[in-house]
Amino acid sequence: MQISTRHQDKATIFDLSGDIDFANSPELRQSVLREIRENRPLRVVINLSSVHYIDSSGVASLVEGLKASRDLGSRFILFGLSTAAREILQLSRLIKVFEVYENEEEALAV
Amino acid sequence: MQISTRHQDKATIFDLSGDIDFANSPELRQSVLREIRENRPLRVVINLSSVHYIDSSGVASLVEGLKASRDLGSRFILFGLSTAAREILQLSRLIKVFEVYENEEEALAV
Amino acid sequence: MKTFLRPNTSNNQEREPGQRGSLLLVMALYSNPKWLSTVRAAVERLTATLGFKEEHCRSVTRALDEALTNIVRHAYNNRHDQPITMYFRKVQRKQEVEVQYGIEITLCDRGPACDATKWHGRSPGEIRPGGLGLQIIHDAMDIVEFSRKGNTNRLRLVKYLGQAGLAP
Amino acid sequence: MKTFLRPNTSNNQEREPGQRGSLLLVMALYSNPKWLSTVRAAVERLTATLGFKEEHCRSVTRALDEALTNIVRHAYNNRHDQPITMYFRKVQRKQEVEVQYGIEITLCDRGPACDATKWHGRSPGEIRPGGLGLQIIHDAMDIVEFSRKGNTNRLRLVKYLGQAGLAP
């Protein structure tokens, strides 16, 4: 997995690529939490369009990001979910807990 | 690998998909040779755009198709090569032996 | 000295239906999460080759990934140098008149003995990190069975194909 | 009775550079070409994880696929029920001052003894089906070494990374 970060207005966009699994989810968790706590963006946007697979530890990292965002009054938004990513969020019944959009425009517009 | 066949004017188009390896190249060889010998199309067109990988036995099947076509005065044309397919034809120095085109329009037009 | 578990040395049950099933593949590796993606790639292809539909190739792959992660985290306490062996078998069962084929994956580790009846994940919908792995495994597989034999923990995962038979 | 070769039971050379290399993965399967795609999927991921660039992930995968196909065809004469075991190791060599890392893949089969010095492929550019496998293997790998020990044929394939080091 590769992580790179962009800032746009008051949003921070994380562009992720590759699979997210237990080999790299701790790194994802750390960079998302650090960004939220240090920069307090109004929205945190996770671009998953180049992510094929997410395991439960990746989902857990996203849940932690969501909670940290809520604590600071930021929004936490996902977009570009692959079939596999959608499936794991669905079967964990977390898909409705996150704000999920199709693409970057929607994620930044709404 | 899946094989399906279309006829268009005097051409037979083989739409292949999946990997071509020693598990299925004998089947490819057989259907190509049968078509050439039974229907004597003016051109035999192999659509490789959904083929990721070809091994040496797959290349051997294509060489047999080429030879059978030449014997009957037909043309034998490939299009839609993946990087992996291009690499094996290049390193076997066979890329120039085949007629290779980018896409179906070119393969049928020229 | 680190030791890989040995693949089964006997596969002579191939032609006895209802028996242990025929061995297709053994994979042995160490408990470093770095290798998870290699195992996923292999099992996603293997299940496709056996004729599972894409959705089930993905869910079986996910179950195996989660089961391996649990071994790394819980059986080996995040040590990365401990042995894990996986046995992939083709199995079958009689469902009324028809024979259903399936895949059996047995994961073996040398972690401490533990009481699997006490393992429990989260309740669905609960918003907390963690506790999702077991749910994913049970959701994907028809059989999930833990046992201990000697100093080896075995997790047996089985998924049968639906109506359509397994590709021969 | 069919027998799988046993994965190495010792991996205690992990920390001795220049030695045999540290074992990463063992895969054992039968000589049915149906399983080739599963092995390709695994090794393509494994090489990527080790830090090989895409082009070399593809060429090492291709070499392994061709070497397995040769075992099925030539060592086992197209029998589909014979054992093949693959050992994947991380190896290193000293090149002047820098240490180069690489992958070593050892393929083991129980086919009859044969004289590998007599194996030969086609000359490049020759238009005939067949004879391409060995060329592909030699083209992709830095070391290709055949040996026989007891009743086992071993083909050792090694590919080193270029300048950039292997991902840790």
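Here the chain labels run A, B, C and D in written order, and each chain numbers its own residues starting at 1.
Please note the rule applied: a contact is a pair of C-beta atoms (placed from the backbone, for glycine too) under 8 Å apart; a residue touches a chain by one contact, two chains touch by 3 or more.
Quick caveat, the model's predicted, so the values are computed rather than measured.
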Checklist outcome for this item: Intersection of contact sets, chain A vs chain C, gives none
Checklist entry - Which chain's centre, taken as the mean of its Cα atoms, is farthest from the centre of chain D? => result A
Checklist entry - What whole-number Å value describes the gap between the mean CA coordinates of chain A and chain D? => result 39
Item to check | Gap in Å, rounded to a whole number, between the CA centres of chain B and chain A | outcome: 44
Item to check | Distance between chain centroids, defined by C-alpha means - chain B, chain D (Å) | outcome: 29
Checklist outcome for this item: Going by residue number, chain D touches two or more other chains at 34, 37, 40
Item to check | Every chain pair meeting the contact rule | outcome: A-C, B-D, C-D
Checklist entry - Which positions of chain C touch chain D when the two form their complex? => result 1-4, 6-12, 23-30, 34-35, 37-42, 44-46, 49
Next on the checklist: Looking at the complex, which residues from chain B come into contact with chain D?
Outcome noted: 19, 21-23, 53, 55-57, 59-61, 63-64, 66-67, 83-84, 87-88, 91-94, 97
Checklist outcome for this item: In the complex, chain C touches chain A at residues 32-34, 36-37, 40, 55, 58-59, 62, 65-66, 69, 72-73, 124-125, 127-130, 132-133, 135-136, 139
